[in-house]
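What follows is a pair of complexes built around chain A, which joins chain B in one and chain C in the other.
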Partner chain A sequence: MKPIMLHGHERSITQIKYNREGDLIFSCAKDSQPNVWYSLNGERLGTFVGHNGAVWCIDCSWDTSKVLTGAADNFCKVWDCETGSQLHSIETRTAVRSNGFSYSGNLIMFTTDKTMGCNCEIHVYDLRDGDQLASNTPLLTIPIEGSKITSAIWGPYEESIVTGHENGEICIFDIKSGKTVQSCKDHTKQINDIQPYKDYTMFITASKDNTAKLFDMDTLELKKTYRTERPVNSAAISPLHEHVVLGGGQEAMQVTTTNTRVGKFDARFFHLVFEEEFGRVKGHFGPINSVAFHPDGKSYSSGGEDGYVRVHYFDANYLDINFDY
Partner chain B sequence: MAAGRVDSESRKSRDSESHIEDEEIEVEEEEPNFSDPEDFVDDVTDEELLGDVLRKRPKPSDSVDSVIIVDCIPKVGKERLDKLKNVIKKLFSKFGTVVNAFYPLDDEGNTKGYMFLEFSSPQNAHEAVKMTNGYKLDKQHSFKVNHFSDFEKYINVPDEWTPPDPKPYQDLGNLRSWLQNKESYDQFSVIYGEGEKTAIFLNTPEPSMVEERARWTETYVRWSPQGTYLATFHVKGIALWGGPKFSQIMRFSHPGVQLIDFSPCEKYLVTFSPLQDNHEDPQAIIIWDIRSGAKKRGFHCESRSTWPIFKWNQNGNYFARIGEEAISIYETPSFGLLDKKSLKIPAVRDFSWSPTDDIIAYWVPEQSNTPARVTLIEIPSRNELCVRNLFNVADCKMHWQKSGDYLCVKVDRYKTKKTDDKDQIKYSGIYYNFELFRIREKQIPVDKVEEKDPVLAFAWEPIGNKFAYIHGEAPRINVTFYNIQPKGKVELLKTFEKRSANHLFWSPNGQFIVLAGLRSMNGVLEFIDTQDMTVMTQTEHFMATDVEWDPTGRYVVSAVSWWGHKVDNGYWLWNFQGILQHKQPLEKFCQLQWRPRPPSLLSENRVKEIKKNFKTWAQKFEQEDSMRKMTASKDMLEKRRKLMEDFREYRSQKDKEFAEMKEIRLQLRSGIDTDELHNQEDNFTEEIIEFLIKAEEKIVEE
Partner chain C sequence: MLDTMTSGKSWAEQVDQGDEGLPPPTEEFDEKRGIKTITEYRNEDGKVIKTIKTYKIETVKLSKSIAQRKMWKKYGAAANDPPGPNPSNTIMTEEVFMQFVQNKETPVPEEEDPLSKLTKQKIVQCRICKGDHWTTKCPYKDTLQPLQEKLEEGAKKPDIAPVSSSPAPNKPAGGKYIPPTLREGANKGRGETMSNQRKGDEAATIRVTNLSEDTRESDLQELFRPFGPISRIYLAKDKNTGQSKGFAFINFHRREDASRAIQGVSGFGYDHLILNVEWAKPSTQQ
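So, the complex of A and B:
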């Protein structure tokens, strides 16, 4: 399994995502230019030029027509995927931490950081309403009083937003009322990433408390816990097998003082149900910041603090892994 | 009586005051009557009226401690009293201000032969008693000086001795119950969570917890040499725990205790605290009787030698410490010096007991013309068994083999010696000698092995005739093994070259050894069978700080302690062949210690017999092992099956819910079904992408 290295970023990768079909990979990094690649051969398709700071989050609509990016330059931008031209640019008061297209692709949501005296907020815009974008008046704004949001995704069918917070809390906000309908605090430290299962009935969280956890999307019931000895930055559920992949490692701040073996920068594969680790993939020489499964489950990618995206196609024997039970 | 006098004086002055008042009344007329009516009962207590003043009232006991009695002073008449007073004053004013001196006189005005002195402070009185008791004034008169307060103390001593009530017997359970484990699993203690938590584990295939307590100890724990007790450290002293439930067995109060040591017989405990020492009552080092909890003897700690300061002999009958120019040997249970005198050895530098016999080995450095010397003496006879003279000695280190069969003295020798301007001796051209004493052979013959490289570590095979040492300079570090043939030669077995090792750990039963490169050497571990000198396993526990064999020599633990390294704390368990058995990461893990075992009760012949019939025994155990493995894997499969069933059930529910929402999904995505990845093949557009298959370079001919 020789990985394809995507070398197009100058700084550490912050997030990577596949489009729904899986033929494209979107990547954003602390440099200001998100990229889009062919997942099959690693060829760069293009770059979205316009941001002026670290890009924290990226998403693509279900039909791969639009791309959404949020950055530390206090802008959230919507791009035309095919041409790479900027469609909309929404100015915010603080950095945009996480974002996402709704199921239909008509709504977008993003969350902002709690800095410079401004509260953390969730914004929701309707892309069909040109006035909202032009006048910077969102469909909905939810101010967050407590711990700030560090990761957020849409719940199923555009009804809710699932948020992970700096203190380890996970909340579900109702889009109609703007109120918290569910919350839990199974993690003890910051939630670094939330990724849904392909049918949006479950999601997996990655936390600084060295664990990743599987939750039920409706009830926030904790189903499974995957334990490591390093902070987990990102976790994804395989759409094909009962597997999850975890990426993480020693915190970037401490990395310079430790050697790569202590850091444990491997991508780690766990069985979804048994919570047992069965494999590791080495390669990054810094912590892994984002992992993503190809929608067909036959390959996965990881983006690291080292600035590389590595696309891995599984060997045939991966498909033969069987747990006795 | 001093207080009495003050009383009468104050009464006198009060009388005079009332006298004045009377006069004033005469002058001022028509004074209203303040006096109480006849039947008035005063209901205001003194406490209410002037409580604050009363509390400050001097108590009789305040000054009692400052009063001393001087007995056996000369009996003199009036005419010589002043002279006596002068002498006494001169003598006692050295210790502080004498506030009061009282000479009781008989009817004729002669002194009674004793007197009272009051000092300004109890400290002065204390000092005076200490210094002048037994003072010789002249031939006939030696003072007997006591504290006044002592009289009361001694008067209250009952004339008849009543034996103290015996302490009720407390059944602590079987203190060796852990040895009765059917599978002979060993126990070990683990401190983790930055020292907050201490736990005892049983070394079952998956280590199982026996006991866990938060804040069991304040620093670390120690097992007694035979594993009976677990000692925990506290600000106020040491506590010992044991029995099946690890209940508290005894406490030893020694504030600020830092170091402890057990006698090999587990009868006595030695504790050291730097806080508690005074001249009178030595408290720095205390030796306790473990079973009664009684303090047996306290010692000062003047010397700066390393712990343990007191070294015990093999069975706890003697203990010894090194002093200046002498070794002091004490015996138990009297805790007095053996034969009432220390062993005088000028310039003695170090000594050590044989681990199995009452033999002391000590060495003396070179002095002017006499060479350095290593001597073996027998205790208590103090007979010299063997003396070895050595030349050009810079330093010596003594290593006894655990079975007491051999003693190795590692001698650092020099080619030239210089004394620099600061009177510091500088040696150059250092090389090394191992002087090997064969204790069990007639007249103790001594062999010699020379080594040119610097020696980094040395270790005897605990049972057997081999020794190993690490020598050389990085990166060329070698490990050499020698064998001592009984009544024969000392033969070189093998040198392993260029190893990453800085520590040697022999199995407690010999034959197997672990070479470890701890800390700075990244935790390289090498398991060697010295029977045929083969390397069984070369492995690594990255950044390991400690290695510990279990007491039976079946398992080895390597550990990364939080005290030495801040990440990846935990311990790994290996078998003696170096096959990894278990990895246990543990948050802020600090220390692991195996619980020692007492010596085997099997006779030597029985051990030999078992070794002979090893195969029949092994068969039985192998059967047990395979049985256990089967049930273990069965348990695991059972667990997995259960997990899978639960999850499948959950998923089928969710899949049903998902199917029910299909309409909404279609609606949201304008009628396009995206539930399956390749639902709309017809919707695909074809795109041509290129792969770089290979790059070839060809020279085109012109």
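So, the complex of A and C:
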């Protein structure tokens, strides 16, 4: 395969996402301008200008009309995807770490960092209610007492929020009551990324403890564990095959102090069920920070510490791969 | 010549004038192959640079919403980009291939751990296999110890006989100090010993067969080290895969060690296979 390299960021990529139909890729980095690209040819559609700090998270509504970004400048912003203009700007007390549109695109959720004497919090806003945004009074605020949230996604049916914490804990919050419904602690270190399966029946977590794990969305039951020998920064489940892709590498701060062995920074493909690694793709000059599958499963993208997004269209030899069992 | 005089410029200056002297950009479209070729000319430091861009035009059927999004105007930092990918942002890279891996986990290279280096130096020595671990933790405790004892018994018997007559006696592994005069070969002439040594080198070679494919030299080293010093290990490997072909030659310093190794390891179950150990046939006569 011949990857397309997208060079729109000056600093390391923090998150990449496809929209629902997969024709656009959204990327955000530690510089202040998130980008949006056409996935087919790598053409840049535009950038969202307005943030003033590292952008940690990005999401897109189901109809690709709105884009949500959260940044370290203590703002969570909603953009018009067609024109790139800012629709709403929500000021927070600390940096916004992760965010997401609900399935309907009406609710937005974001989590804030535990810094400067402020606790970590989950905020939920209803975009249909202009008062909430104007007066900055969220529909729901859930304060988190313990370890801070490092990654969060919406659960199915907009009823819950799945959160991954700095201590490896995973919780499900009910957004009606704001209470923890389920929690587990199968990871021993920070959860870097959570990505749902296409039908929201399960999700995969990527953790600093060198593993990625597959959980049942309803019961939080640990289904599978994918082991590597380095921290996993991001993991995604293929919507087409029973495959998962893991991106990682040693931490950015350790890159210069450990020996540079090639093959540390490749994306690794595991079989979803057998937990067996079957393929690797090289390319990045640093750890991979975010991976995402195209919704049709025939291509995937990765964003790395090197500031590049690489869009890969799979060859036939991957798509035809079969496991004997 | 006259012409240049009238216009007052040399042809070279005319080119320098800029775009006037440049051929107009051309655009060709090969409909059959769907390839569009754009040829452009521009001036740079007095040189005309011809740029040929080749695009492959593909027609893809898309849903209405995607097609609509394709028509959106660019914005932000990309607002001034021409239609099509901007080469400064979108870079086609070299072909990469997915490497298919068989093994589940690549082992962590040992060199990275300074402690593992230390353990390679012999701080403790096992009495059974001479490995660098405590005797009680010897992996061959159950297999090699009885074997060793048996061999030692066998070695002790000829010890009773006069030392000079028997070539077999040999200090038991980790045994008493034997002065050089009493060591084997000491009663013989000096030159003889030397030549014997040579011959012995050739002769103290054993052939091990029925090894498993995963066997490595280090495994053989571990297996045969208890019998005495080894001068060379040759493990036949497949050129392409690097896997063992299933046989190996082991050169001992002493023929006695070799014979003990044959006695000891022949029929020894190793890695689910029963090893077959015999004297190596002498190498091709010159």
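The rule is short, and it goes like this: the second predicted complex is superposed on the first by the 321 of 325 C-alpha atoms of A that agree within 3 Å, B and C clash if a C-alpha of one lies under 4 Å from a C-alpha of the other, contacts with A are read in each partner's own complex, and residues count from 1 in each chain.
The rule is simple: a residue touches a chain if its C-beta (ideal position, glycine included) is under 8 Å from a C-beta of that chain, and two chains touch if they have at least 3 such contacts.
Source: prediction; values computed, not measured.
Student: What does the overlay on chain A give for chain B and chain C, a clash or a fit?
Tutor: clash
Student: Who does A:Glu158 touch here: chain B (first), chain C (second), both, or neither?
Tutor: Once the two structures are laid over each other on A, A:Glu158 reaches chain B alone.
Student: Is A:Gly8 contacted by the first partner chain B, the second partner chain C, both or neither?
Tutor: The answer is second: A:Gly8 touches chain C but not chain B.
Student: More residues of chain A in touch with chain C or with chain B?
Tutor: Here the partner covering more residues of chain A is C.
Student: Should A:Glu43 be classified as contacting the first partner (chain B), the second (chain C), both, or neither?
Tutor: Both chain B and chain C are touched by A:Glu43.
Student: Once chain A of both complexes is superposed, is A:Glu229 in touch with chain B (first), chain C (second), both, or neither?
Tutor: Both partners, chain B and chain C.
Student: Looking at the overlay, does A:Met202 come into contact with chain B only (first), chain C only (second), both, or neither?
Tutor: In the superposition, A:Met202 contacts chain B only.
Student: Which partner does A:Pro295 reach: the first (chain B), the second (chain C), both, or neither?
Tutor: A:Pro295 contacts chain B only, not chain C.
Student: Looking at the overlay, does A:Gly178 come into contact with chain B only (first), chain C only (second), both, or neither?
Tutor: neither
Student: Let me test your reading of the model: by the given contact rule, A:Trp62 touches which partner, first (chain B), second (chain C), both or neither?
Tutor: Once the two structures are laid over each other on A, A:Trp62 reaches chain B alone.
Student: Have a look at where A:Leu24 lands relative to chain B and chain C in the superposition and call it first, second, both or neither.
Tutor: It touches chain C, and chain B stays clear.
Student: Which region of chain B runs into chain C, 312-320, 636-644 or 654-662, after the two models are superposed?
Tutor: Answer for the clashing stretch of chain B: 312-320.
Student: Kindly list the residues of chain A that each of chain B and chain C touches, one partner per complex.
Tutor: 21, 38, 40-41, 43, 63, 229, 261
Student: State the interface residues of chain A toward chain B in the complex, per the touch definition above.
Tutor: 20-22, 38, 40-41, 43, 62-63, 103-105, 156-158, 199, 201-202, 216, 223, 229, 250, 258, 261-262, 272-274, 295-296, 323-325
Student: Quick one: which bits of chain B touch chain A in the complex? Just the residue numbers, please.
Tutor: By the definition above, chain B touches chain A via 542-543, 567-568, 585, 637, 640-641, 643-644, 647, 650, 654-655, 657-658, 661, 664-665, 668-669, 674, 677, 689-692.
Student: For the complex, give me every residue of chain C touching chain A.
Tutor: For chain C paired with chain A, touching residues are 60, 62-63, 65-66, 69-70, 72-79, 81, 84-86, 88-101, 104-106, 108-109, 112.
Student: Contact residues on chain A for chain C in the complex?
Tutor: The contact residues of chain A facing chain C are 1-8, 21, 23-24, 33, 35, 37-38, 40-49, 63-64, 82-85, 227, 229, 259, 261, 266, 269, 276-283, 310, 312, 314-315, 317-318.
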